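Beneath this line is the structure, given in structure tokens, with notes to follow.
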Amino acid sequence: MKVGIVGGTGYTGVELLRILANHPNAEVAMITSRSEEGVAVADMYPNLRGFYDLCFSVPDVEQLQTCDVVFFATPHGVAMSMAESLVKKGVKVIDLAADFRLEDLDVWQKWYKHEHTGKHLFPKVAYGLPEYYRDAIQKADIIGNPGCYPTSIMLGLLPLVKAGWIDLNSIIADGKSGVSGAGRGASVAMLGAEMSESFKAYGVAGHRHLPEMKEKLAQQAGKDVGLTFVPHLVPMIRGMENSIYATMAVEKSQAEIQALYESAYQYEPFVDVMPAGSLPETRMVKGSNMCRLAIYRPEDSPLVVVTSVIDNLVKGASGQAVQNMNILFGLPETTGLQQVALLP
Amino acid sequence: MKVGIVGGTGYTGVELLRILANHPNAEVAMITSRSEEGVAVADMYPNLRGFYDLCFSVPDVEQLQTCDVVFFATPHGVAMSMAESLVKKGVKVIDLAADFRLEDLDVWQKWYKHEHTGKHLFPKVAYGLPEYYRDAIQKADIIGNPGCYPTSIMLGLLPLVKAGWIDLNSIIADGKSGVSGAGRGASVAMLGAEMSESFKAYGVAGHRHLPEMKEKLAQQAGKDVGLTFVPHLVPMIRGMENSIYATMAVEKSQAEIQALYESAYQYEPFVDVMPAGSLPETRMVKGSNMCRLAIYRPEDSPLVVVTSVIDNLVKGASGQAVQNMNILFGLPETTGLQQVALLP
Amino acid sequence: MKVGIVGGTGYTGVELLRILANHPNAEVAMITSRSEEGVAVADMYPNLRGFYDLCFSVPDVEQLQTCDVVFFATPHGVAMSMAESLVKKGVKVIDLAADFRLEDLDVWQKWYKHEHTGKHLFPKVAYGLPEYYRDAIQKADIIGNPGCYPTSIMLGLLPLVKAGWIDLNSIIADGKSGVSGAGRGASVAMLGAEMSESFKAYGVAGHRHLPEMKEKLAQQAGKDVGLTFVPHLVPMIRGMENSIYATMAVEKSQAEIQALYESAYQYEPFVDVMPAGSLPETRMVKGSNMCRLAIYRPEDSPLVVVTSVIDNLVKGASGQAVQNMNILFGLPETTGLQQVALLP
Amino acid sequence: MKVGIVGGTGYTGVELLRILANHPNAEVAMITSRSEEGVAVADMYPNLRGFYDLCFSVPDVEQLQTCDVVFFATPHGVAMSMAESLVKKGVKVIDLAADFRLEDLDVWQKWYKHEHTGKHLFPKVAYGLPEYYRDAIQKADIIGNPGCYPTSIMLGLLPLVKAGWIDLNSIIADGKSGVSGAGRGASVAMLGAEMSESFKAYGVAGHRHLPEMKEKLAQQAGKDVGLTFVPHLVPMIRGMENSIYATMAVEKSQAEIQALYESAYQYEPFVDVMPAGSLPETRMVKGSNMCRLAIYRPEDSPLVVVTSVIDNLVKGASGQAVQNMNILFGLPETTGLQQVALLP
């Protein structure tokens, strides 16, 4: 399988390279960057020395058309401009940005401040959350790879939503992300001297992952879902935890909810429902494609609390993208994704 | 003012020493530790070299009776065993542990697994949250210095509670604390190699600060308050953020809630209501006695979100203890507490 | 290949498990711990959930004799007590502790404060630094896996030593290690609240890796080497950097020294001589078995500076142990060791 | 005393504000920044809310001439352009950048790539390292505040240099700095996701603090000093450690060297010679103006090792600047500089 990566200089790009370096069926044939043309990938990312001889090249549609699959690790708007010419040559497209995540383009344009020109491609698109959209992914040509918060929160929330056990009017997701989620662009706020040894909420004006979650939750629930989402920044590089609070609509015990989750995910290779009484830590998934979940039903309370952790760059981005690639090409879903989390 | 500190080897002890080193009216005359008897304070804590010549001594009630005020930076149970003999000599007692925080001793004994022997002292006790118990503190002989989470959460929540603007049945506090909150005892879970670069919820079996908050919130509200509290551990040393979610019972705008808070705290030297649209960061209070708050009323939601940050060792422990000492002795409340937060 | 691990609860134990989980020729058949008997490995280390069904068992020589190779990730003294009974059954022994590192047992006993009872085994022992002892390793039954500092420093220093280009009387190694090097034992000094946001030299009374380096350097040089070694603690989990200073004995340019190193390591899969002008960063090897080196010949100075980085838990411990296992069993040396460093 | 600060948006600027907020004799009357004109200081640095009502203003020489002292926390080149017009009005100038550190302007121009236009001011200039240039500072109008590395290294080295006990031909300083030393400019290399959990040497092409140290060491020694300096970046915000290696020229014991240092610094309020056997940690000086030193004379070695720590933003920049201000105005040198280091 010949792989192209468009826009490989950011963290999701280098993470794709890390994962694909040990994928038995994939070979990265080209990786593009306008700004770094001619620079060896291994000069920019010395962790890759010895694994890749590639240099960054200017994106060229004709060359990309010779690939079997092209990943877009670009800013929003790039994938939609190149996807059609790739798909018509039979190349599969996996976009790690947001171009193909939302179906409601009015909402998309409001949040992304950009005209959306790819509506006619939507019949070929699937939302790349395999645990809930696997059938659609298998038949699709273009994958809108989910955001990191939506991945972690929806995996944590959907069994309760689909069972009809919780009140859908007022769900709260208190999210926490490591700083790699902000990307590799130079910014004062993400300097080590600014973000270390501090913790804060951010995104008071609204986070783009909120409309994504609302649309997909409504699809799965069959009706609108009221969700309040407050993201926070954690002084660490990788990892994301979401604590999700919902009010029980039906009286169910901790054990019943635990059983619901274990049943929902029993065949899923990348969702781990931890034993009752556990609480997941982000280091349990650092560098791995796992999502680990725990359920907590506090005494004397109408609430259920779900805690969900992923590595934002793996299951929250590049690992899930490779998982989608495996599905698209009929490979076992875990191919190349068996990394054990790095602990300590 | 002659000050004694019982149990000065932990983080709240060294923080008392740091603050009192520059307090113009206080002199630390003795500091006790059974395990470190004879060790110079400045040998154990070299940041204090040049500020203190004191050595740790074995706790001796007669010597402590010569002080004007004694701080207990000890495990639970110590202050209640020595307070009476100090108070009867006119010595003020400020307990940084939990012996005098709760009035309901059944609840206390359930959570602290210890017999409480100090009930007869309660007429002399005040709960040391100056913003809400200042009058009682002025008249008291013994101060139960609040826990760090209760300080941050109650300062964030009480204006809404007292105004009657929120539904008291289901409030959520999603708390996050740096690791100094776990104290200076050797433990695997708090090793740098375990807690760095990771984030997790903890305390699934219940946190001792929950009954403290429920009792005090009920006192202030005049009725029981339903509170779900999930604490999390942040990979940083100092600081605490709480994101508090409540459902509006009365329709109020962001601006009205902002005005409520600004009015509530306009004369408080250590509570800073940040401008609308702000979000506090823990580094804004690192090493200082400030609590900084922000209010957020998300669109299309029945909720209000309050974010509140303190330094868990200062306003959450030793700084608030000194603030209480100032009140007890009729000093300006800010005496010795004007440290600017260390940023970056 | 059937693998046993004795003493698997520490960081080198869990790191062996992480690496061996994806080794195509090895299966971990038993892992021992007296204190954790019956506990599932994946309960203690949840990053391993889904990879191992093993529980810790009490060490049992008869059972260990059924393995092909046994790793000792134990305190000093354990491997020497069990090695003989294993070797006589044809089991290979790889000790990650220091029992088989030093040949001079007087020196060993002085530094390790323990009687050494394994002298008669020394004909079967090799020092497990493959780049310099590969032939001996192939023929050995017992491997003394090197310390982390010796691995990084000797890989950085030996080309100059063997070329005779530097003065051997006064070499300086200024070492820096992440905190995982101190192991998983509870200690106040390694608490997150103590080691974060701080940097210090340690080991003023002498570090056990110094006699190990002096013995091996003398073996390679054919004469005694004067080495001053000052280790420092870095506020990070993994990784080690050593800056090595030596005085040129022969006038050689930066380019000549660069060529010497590139030649010395041209066939080594796990030593990367970086281009002239580079400086290695520990994150370039995080989670990988690589050692990355750079040479720097400052202007107007008689010195050469070598900077060398490894992951202390991989090339500095468990990865190198697996590399030695591969050599012992005639496998390609890189088998199971192709992890790309986790960056960012 | 009326204080002006030119260029107050960087880390040395906010640190001056933090220190001066509690200085009893100084009032900050103006603070300038072209880019942030009109922005409230407390909006940019919320740790200062409640301490300052000032807004950033455009630098205006006439207004600055109304101050008693002006600090330049600017890039190199600004102070030299404004100093003359201030000095002629009797305003003292303290430059935290490098304009007045070096006397050899050829060297200056080589390293700073900038024409130096202030040579005629040099008779009014002193190098602001009080421990060695106090008399000159008292008489000066302009202070060249030393770099952070020179402060830490020269305080550590000069007693041995002045005693003539070490070989001056080949001294090594292996320096380590937290990331605040790189300033508040947005850069990829200083992002939290890049610098956290990693350690590296930097500045292979030479560091500007090297010529500064060579000039001042030569002044103090009366002859040229051979110094090799390799700086490293530590994943922490504040603090700096230097391990300095020199060869003894005269046989002296650890105790004799210890006595030399204790004598050299016995009256210095901001240099702490730690007891024999100690090793300083950067957290022992975090937020304080202290330099803490320890001496180590390894067995079987011709070397002496000095380890020296400071907070790079305090004794390495803004604290030392205030110390110089105190000297210039005849105040006790410790005025406003009695902060205890923040530990933990």
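A, B, C and D label the chains in the order they appear, each numbered from 1.
The working rule: a contact is a pair of C-beta atoms (placed from the backbone, for glycine too) under 8 Å apart; a residue touches a chain by one contact, two chains touch by 3 or more.
All of these numbers come straight from a predicted model, not from anything done at the bench.
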Chain separated most widely from chain D, comparing mean CA positions: A
C-D compared against B-C, more contacting pairs: C-D
Distance from chain D to chain B - Cα centre to Cα centre, in angstrom: 36
Length of the line joining the C-alpha centres of chain C and chain D, rounded to whole Å: 39
Euclidean distance of C-alpha centroids - chain B vs chain C, Å: 46
Residue numbers of chain B (touch at least two other chains): 11, 178, 180, 184, 193-194, 196-197, 235-238, 278, 280-281, 283, 286, 344
Touching residues (chain side chain B, partner chain A) in the complex: 170, 172, 174, 176, 178, 193-194, 196-202, 204-206, 226, 228, 230, 232, 234-239, 241, 243, 245, 247, 277-283, 286, 294, 296, 298-303, 305, 307, 309, 344
In the complex with chain A, residue positions of chain D that touch it: 11, 178-180, 182, 184-188, 190-197, 235-237
Chain C-facing residues of chain A, complex: 11, 14, 17-18, 21-22, 45-51, 180, 184, 196-197, 237-238, 269, 272, 274, 278, 280-281, 283-288, 290, 292, 313, 338-344
